[in-house]
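Labels for the chains are A, B, C and D, by order of writing; each one numbers its residues from 1.
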Amino acid sequence: MVIDETDGPARRYISVIGGGACDQETYELAGQVGRGVALLGAVLVCGGRTGVMEAAARGAKEAGGVTLGILPGHDRAEANPFLDLVVTTGLGHGRNLLVASSGDAVIAVGGEYGTLSEIGLALALGRPVVLLRSWRLARAAGEEAGIRQAETPEEAVEQAALALGLGRGRANP
Amino acid sequence: MVIDETDGPARRYISVIGGGACDQETYELAGQVGRGVALLGAVLVCGGRTGVMEAAARGAKEAGGVTLGILPGHDRAEANPFLDLVVTTGLGHGRNLLVASSGDAVIAVGGEYGTLSEIGLALALGRPVVLLRSWRLARAAGEEAGIRQAETPEEAVEQAALALGLGRGRANP
Amino acid sequence: MVIDETDGPARRYISVIGGGACDQETYELAGQVGRGVALLGAVLVCGGRTGVMEAAARGAKEAGGVTLGILPGHDRAEANPFLDLVVTTGLGHGRNLLVASSGDAVIAVGGEYGTLSEIGLALALGRPVVLLRSWRLARAAGEEAGIRQAETPEEAVEQAALALGLGRGRANP
Amino acid sequence: MVIDETDGPARRYISVIGGGACDQETYELAGQVGRGVALLGAVLVCGGRTGVMEAAARGAKEAGGVTLGILPGHDRAEANPFLDLVVTTGLGHGRNLLVASSGDAVIAVGGEYGTLSEIGLALALGRPVVLLRSWRLARAAGEEAGIRQAETPEEAVEQAALALGLGRGRANP
């Protein structure tokens, strides 16, 4: 990796979360989200493994982006091959907090129970959360849950960009 | 504390989760859930602080139960006064994993984003989860989300007991 | 467990740390430390497993004390049988922080690398640390490392008691 | 950042650990260690903050290396300005496990109690550890503690390289 002028403290990070196993359609959606994150100029953060995590990292790398994986175990060899840098944690599900925390915004694509926990943690940390074919969530009393919904990968990235104050133009050059 | 014959490795644990701030109605519901957990003979686990956590611990202690709190910080003085034993973690939201893990079943009463994360973590760990006036959750594709719903505190405790194979009778002496 | 008048927020906790495998002499030393902690009226905290952790919990229970185990995994069945209450964490070595944090003072008996990490964490948290046949530690520049040394189990407990302002009398009735 | 041909799964990582506050001499030593890590072609991992962490990252960046910081809090703005990528954890001292885990080898430069915990965690994970003007450690019974000592920054990097099977030549072009 070579640092260019756009790097540094001002760079934004977006976490893409979802299941370690997913169908082909979800894999493609996640790849498009990853691509959109890269085109925004944001770092793509993910859980470092297979399924949605791999698809998002792959999409970001194919678009020239920067990717960061945060693994549940201690063995970097468990990472997918589309990650520039990898953190190993040994915390198991405890690493979900780090994936939620390390993104300035979080986009969920599909997702299982672990994804649900990351949505909750991201919201607890005040991170904007965008859901794409993911969990449908409502509070008991019907109040606003503070969660953004998207219908397409492009819309998901656009909503994350808006929440972070990033211009649309960079994502659609 | 004095260990009696019902203690030991066979003892079951039930975590009660919910917001650190709650309205009076939720506080009373959580207290009744805590009472029910104690009458089942199970250890009441909670996040150790105020709101639903305090109410559940209080209800359990008033019914003669055993209570265990798991705090986000390093200072035991932040615990509510209804806990027999307290673990301090210093992990912040990272302690949510421990609350979810330490119960053989988990009952959510109301709840905010942190509660949502604990629901996700408990489900990821295969713990039975019962929701009482808590989040309404559905998967994108409409599949079964594997979560039990209860309408009353009694029903919530009963569902947790059933999931753990505990007899109903002990809870209704 | 039945709460008696000496319980509650004022109760002190002492963590006993050491290897999961140890020789017979170390096992006996750890048992005597656990016994001393119980006679002080303090809760005995440990990592919940075998070796020094088991010996300390066993010694405390045989002296009528209260014991709390904090496990690295998610399965309570991995706990030794001398624990009143058990927290499961799923954090692996990450649980070492909780063992260090949950004691108002920490006594190390023998110990391997994990014990060394707990000594460092306890010191970083400002917990008094007493070493009994454990690591010998010195700073590079020869400054005082702020660590207490003991030659016998009795002395180790006495030093922890002094550091916590607990009267000696309770430990030697 | 732009990925070049030397990146990818085969890339090695070396963590440099030490105090968040340090004297000028230690700062310079840490900088030289960071420079050596970069010249080896390894990723420099650190705790992301001031003192030794900053010096090592700065030395690595000035030598054209890649740097990764793992912060204790949730706010990326707390990172020093010499990091290519940053993970926020919110785990406080719990992040020490990640710094120890994410390096294939660990070099300690000076250091306080937190550094001591990282040394213990790295050893528990089987990571080679090199000490440079850091803690002096010995087991109670006088056995070999499995820790490498270095007298100079160059020697520290060389020992880490040897432990990882990296050729010396790359570090001394």
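Convention: a residue touches a chain if its C-beta (ideal position, glycine included) is under 8 Å from a C-beta of that chain, and two chains touch if they have at least 3 such contacts.
Since the model is a prediction, treat every value here as computed from it, not as a measurement.
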Pair joined by the larger number of C-beta contacts - A-D, A-C: A-D
Chain whose average C-alpha position is farthest from chain D's own: B
Intercentroid distance (Cα basis), chain D paired with chain C, Å: 30
Centre-to-centre distance between chain C and chain A (centres being mean Cα positions), rounded to whole Å: 41
Whole-Å separation of chain centres (CA-atom averages), chain A against chain D: 28
Sequence positions of chain A contacting 2 or more other chains: 74, 90-94, 97, 125
Complex interface listing, chain C residues touching chain B: 1-4, 7-9, 13, 43, 61, 66, 68, 70, 74, 76-77, 79, 81, 84-91, 97-98, 101-102, 104, 125
Complex contacts: residues of chain D adjacent to chain C: 91-94, 96-97, 110, 112-121, 123-125, 133-141
Touching residues on chain B, where the partner in the complex is chain D: 74, 90-94
